[in-house]
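Each structure below appears as structure tokens.
After this come two complexes, each holding subunit A, first together with subunit B and then together with subunit C.
Up next is the complex of A and B:
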């Protein structure tokens, strides 16, 4: 007869042989959890990601010389880097939105600066040039470093890093692509110089899931499982997502609804601790961010950038890190000009700390010495042709400096389509 | 002599007593596999799905 909890426990113990009551039993349960995780991944593998349909690869052919290895920003696998093809000259090009040439309301065209440079240098050392383009839209300093760690691990022939002058030393946000922490962990943990950054930015779950996901696809592929589940549930559910038109009729959110609407924490800080009024134009906000980026004193982003330059120097892979240009008309304002000067000066100091024959750091913003660049806003070019000319020359001159036997000469601009 | 030692050894060998232990082992298997499924479900349910909205910087 069951009279109290002890009777229930005794009954369960009799029926199930005291499972979990002894340490050895708990160990066996844990082993079965591991077996279960392995079996789920083996018996129900996740749908593979179609890389030809990811955001920046869509529309390209399978043998396109430009490939963006980044997965969805929420996908904890981070990237899918193909094994290096020794018959090709592989360039890993890492950067943020400033790697694009964009359209404005009145001018411009859409293209990727690495793709335009590749059109100018189709072959290096007689090999066809292939570019792994890590385009981190909205990327901050740690996101760039995480992608650089992947680039170094893939052992390309050259690494190019585009440094965004709004964020290279800016602590307002050091990360936007948090999902990259897990996949970068394996590359970063080998170098003790990275340990302070890992301790500061990687959460215990980042570490646990990165370790677990190394061998267990059921943990590693959870984003793909979530997509499959979402598709299945969407068909089952009688509730349908409202149309964009009906959402547009809603009044703008306020209070907690507004906070919920922000996709990143940066939205919160820009609203509650604004540098300029939050209804200011994008260009005005960018100028304020650049001035904040130039603030003196210790900054975590500066530590991240410094560690990244150190990793590039130690990699022995020919590498170029350059400061992306800004709209020269913004530098007419002495405060902006002085801010850019401080950013250039700080980057030069870091470059001097990590001098290495394989690493070239260009700390001077290109609008200082290039003419003809036009911009949509402070940081996004609508005519990047002079920058493409410059970068194509920089690629070849650096490769030749590292190895004088390198065959690399950019085609003149007129002969490119 | 040898056969006597063997029979003594067999007598001293601990009994597996599998009949009594089997329910425990089976319960451990079921608990472990169910926990594995719950772990995967929890991770799948909590994986980020925040849409990226580019603000211009």
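Up next is the complex of A and C:
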């Protein structure tokens, strides 16, 4: 009878010629584990990712020139970038919710600034423009940088980075999409400038799984396998769970249950360390976040943004990083105006540190020089047409500045309201 | 948010061991080895959240100071008072957490982050990216600290140097979910290998394979059974009993699997940490069940409660059994369900002790004769398991549903 590990080793000695007792045998076991993982990936491949169900792609038409490569926020594969098509002019456009144009007060219906810009510039250098739009809902500075590192690695023709003025220097949350650490690691580790960030935010398992996942699909696709297994177990289980409707009838959680219900730690910090009273409007809360973002002193998010600008400068790929606009009516408040001024000034300082012909940093928030922008709250636009006009012009002027032979001219705005 | 994935800890541990293990076996200097493992454990906690690492740093500094105090006063007439004071001090965080859970969790995270931020703003920024956590591993650290103090009081340990306490406090494999190791289990192996490296690697890998098999193959498919407590009205009585059986198996395989991972990782480093489970569901009476369930913890309570309260003497053995099992129960949580859990198992253990005293058991029994007893014991234990997972207000609904009253 097997009672403990000694009995198992004795059994191995009797039946399997002392398996695992010699160094060569241990190596052999390791090789077989690798072969096993390879065979799992080959013989029972994971369910393919349905890219049509991601946030943006769900409403996308089959031939749309805009594609969101990001996978589920928890999927450690991060993104699926299509191979660059040399017959197209590819733009990687990275940003957070501020690159959405919120058209109505009801949730779930949006247009996207990159898509609107694409409508104004359908062709560059005679090639059809394709946009890989990395839309990081709730993304913070490290998430944006992880996505930018992927964008650089995919060698697009242009990189656009939308910087959210509420979060670009804000240490309240420097990362929300930590599943991107693994897939970004391979690109980021090559540049020593990234090492302090990797040491701070990546874990040994991120490194090991990223390394293993490059060669073994069974490791790379572990999230899909887990989903499949979860679904299979749910089907097998005889337990009937309460319906969503009956769960909705339950009283809202309080105490530890409330903490447990928050999907990110930011909910906890906002609740227990509020910048303004919790019953304040979204706009007021966002103004407080912007003022926090403008706080002087060293900030990790500033280091991240600086390192990102450095990576863009070194990439030699034409790149534009711009500060997303805010509602100008909020800047009537001198405290908010001063805060925005400090954010702009800090971004300009970073831009000066990473001067490069291929990189254009627009540190001035666009509401300073554009009129006609309207907002749902401080940071989300309901009418972004002036911004789209401006960005379309910026794209062409920067490309022409980098390479004067570039053929790029925005179409006039359609007369539709 | 509060449900930390324990496997994440072990994934980091094993990935880290790929680097640490060769260094550890190449370095022969004992101080360097202790510091390597101590900092390794501290780093693993830092990966969970810097505030957790800082908390344990302060905790083990406190334990180290208390240990010195206990040793220094061991020959004095007030030595017992010093021991009591140090035990209360070390026990305090865990008791406050168990009694005042919500407030402790909130303040633990808020104050912990503020303290980290006070050291350096960048660590504070990293800390804010981490999950909101319970004081993970606090029970295990508390018992390890108490074991150190009690052994020092009894004269089994001299003054420990800071690096020795650091090494024991942050011994990487056991930070999160035990087993509750004793300092003497790891004290000597760091100096001279227990056995040859090949045997350690072989046994360590086998234990880790066993742990992974228990966690992923045996326990993971049963995990959904823990949802039964919120789905009482939707399911029939037979289904609820089936789910309870599955929950009983899940509870064991999950716990035993993670214990194997910790013990296997220790073995890779050359430490012979005692096993934590010895086929508890194959036992035929409550006494042998508890002697084989979470053995490191029950061993701690046997040394610290059962023996001192007269468990080895006939006229005080029932009192000792009662106090020991109540301590084991209340370790989980200081709550009404766990008081009932303790009373239930105290009745089982004392009843068994009484029957055994009247009718001594046979020396050995054939398997078929043992089988119904094993099934009965699993049922007896399984029936109490909901008490570990539910709140006071759920006790009546859960047990009523099991008998068909909804």
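Please note the rule applied: the second predicted complex is superposed on the first by the 373 of 417 C-alpha atoms of A that agree within 3 Å, B and C clash if a C-alpha of one lies under 4 Å from a C-alpha of the other, contacts with A are read in each partner's own complex, and residues count from 1 in each chain.
Following the convention adopted for this analysis, contacts are C-beta pairs under 8 Å (C-beta built on N, C-alpha and C of every residue); 3 or more make two chains touch, one makes a residue touch a chain.
Keep in mind the model is a prediction, meaning the values are calculated, not measured.
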item	value
Contacts of A:229 with subunit B and subunit C, given as first, second, both or neither	both
Which of subunit B and subunit C A:263 touches, first, second, both or neither	both
Partner chain(s) touched by A:20 [first = subunit B, second = subunit C, both, neither]	both
First (subunit B), second (subunit C), both or neither touched by A:97	first
Touching partner for A:29 - first (subunit B), second (subunit C), both, neither	both
Contacts of A:379 with subunit B and subunit C, given as first, second, both or neither	first
First, second, both or neither for A:208, with subunit B first and subunit C second	second
Subunit B and subunit C footprints on subunit A, overlapping residues	20, 29, 178, 209, 229, 263-264, 266-267
Residues of subunit A touching subunit C in the complex	3-6, 8-9, 20-23, 26, 29, 142, 171-175, 178, 200-201, 203-205, 207-209, 229, 233-234, 236-242, 255-256, 259-269, 272-273, 297-301, 303
Residue ranges of subunit B in contact with subunit A within the complex	20-29, 31-37, 39-40, 43-45, 47-57
Subunit A to subunit B touching residues, read off their complex	15-20, 25, 28-37, 39-40, 73-74, 76, 97, 137-138, 166-167, 178-179, 209, 218-219, 222-223, 225-226, 229-230, 263-264, 266-267, 270, 282, 285-286, 289, 377, 379
Subunit C residues touching subunit A - in the complex, by the definition given at the top	1-3, 8, 11-12, 14-16, 18-19, 47, 101-102, 105-106, 109-110, 121-122, 124-126, 128-132, 198-199, 201-203, 205-207, 210, 220-221, 223-225, 227-228, 230-231, 233-235, 239, 242-243, 267, 275, 278-279
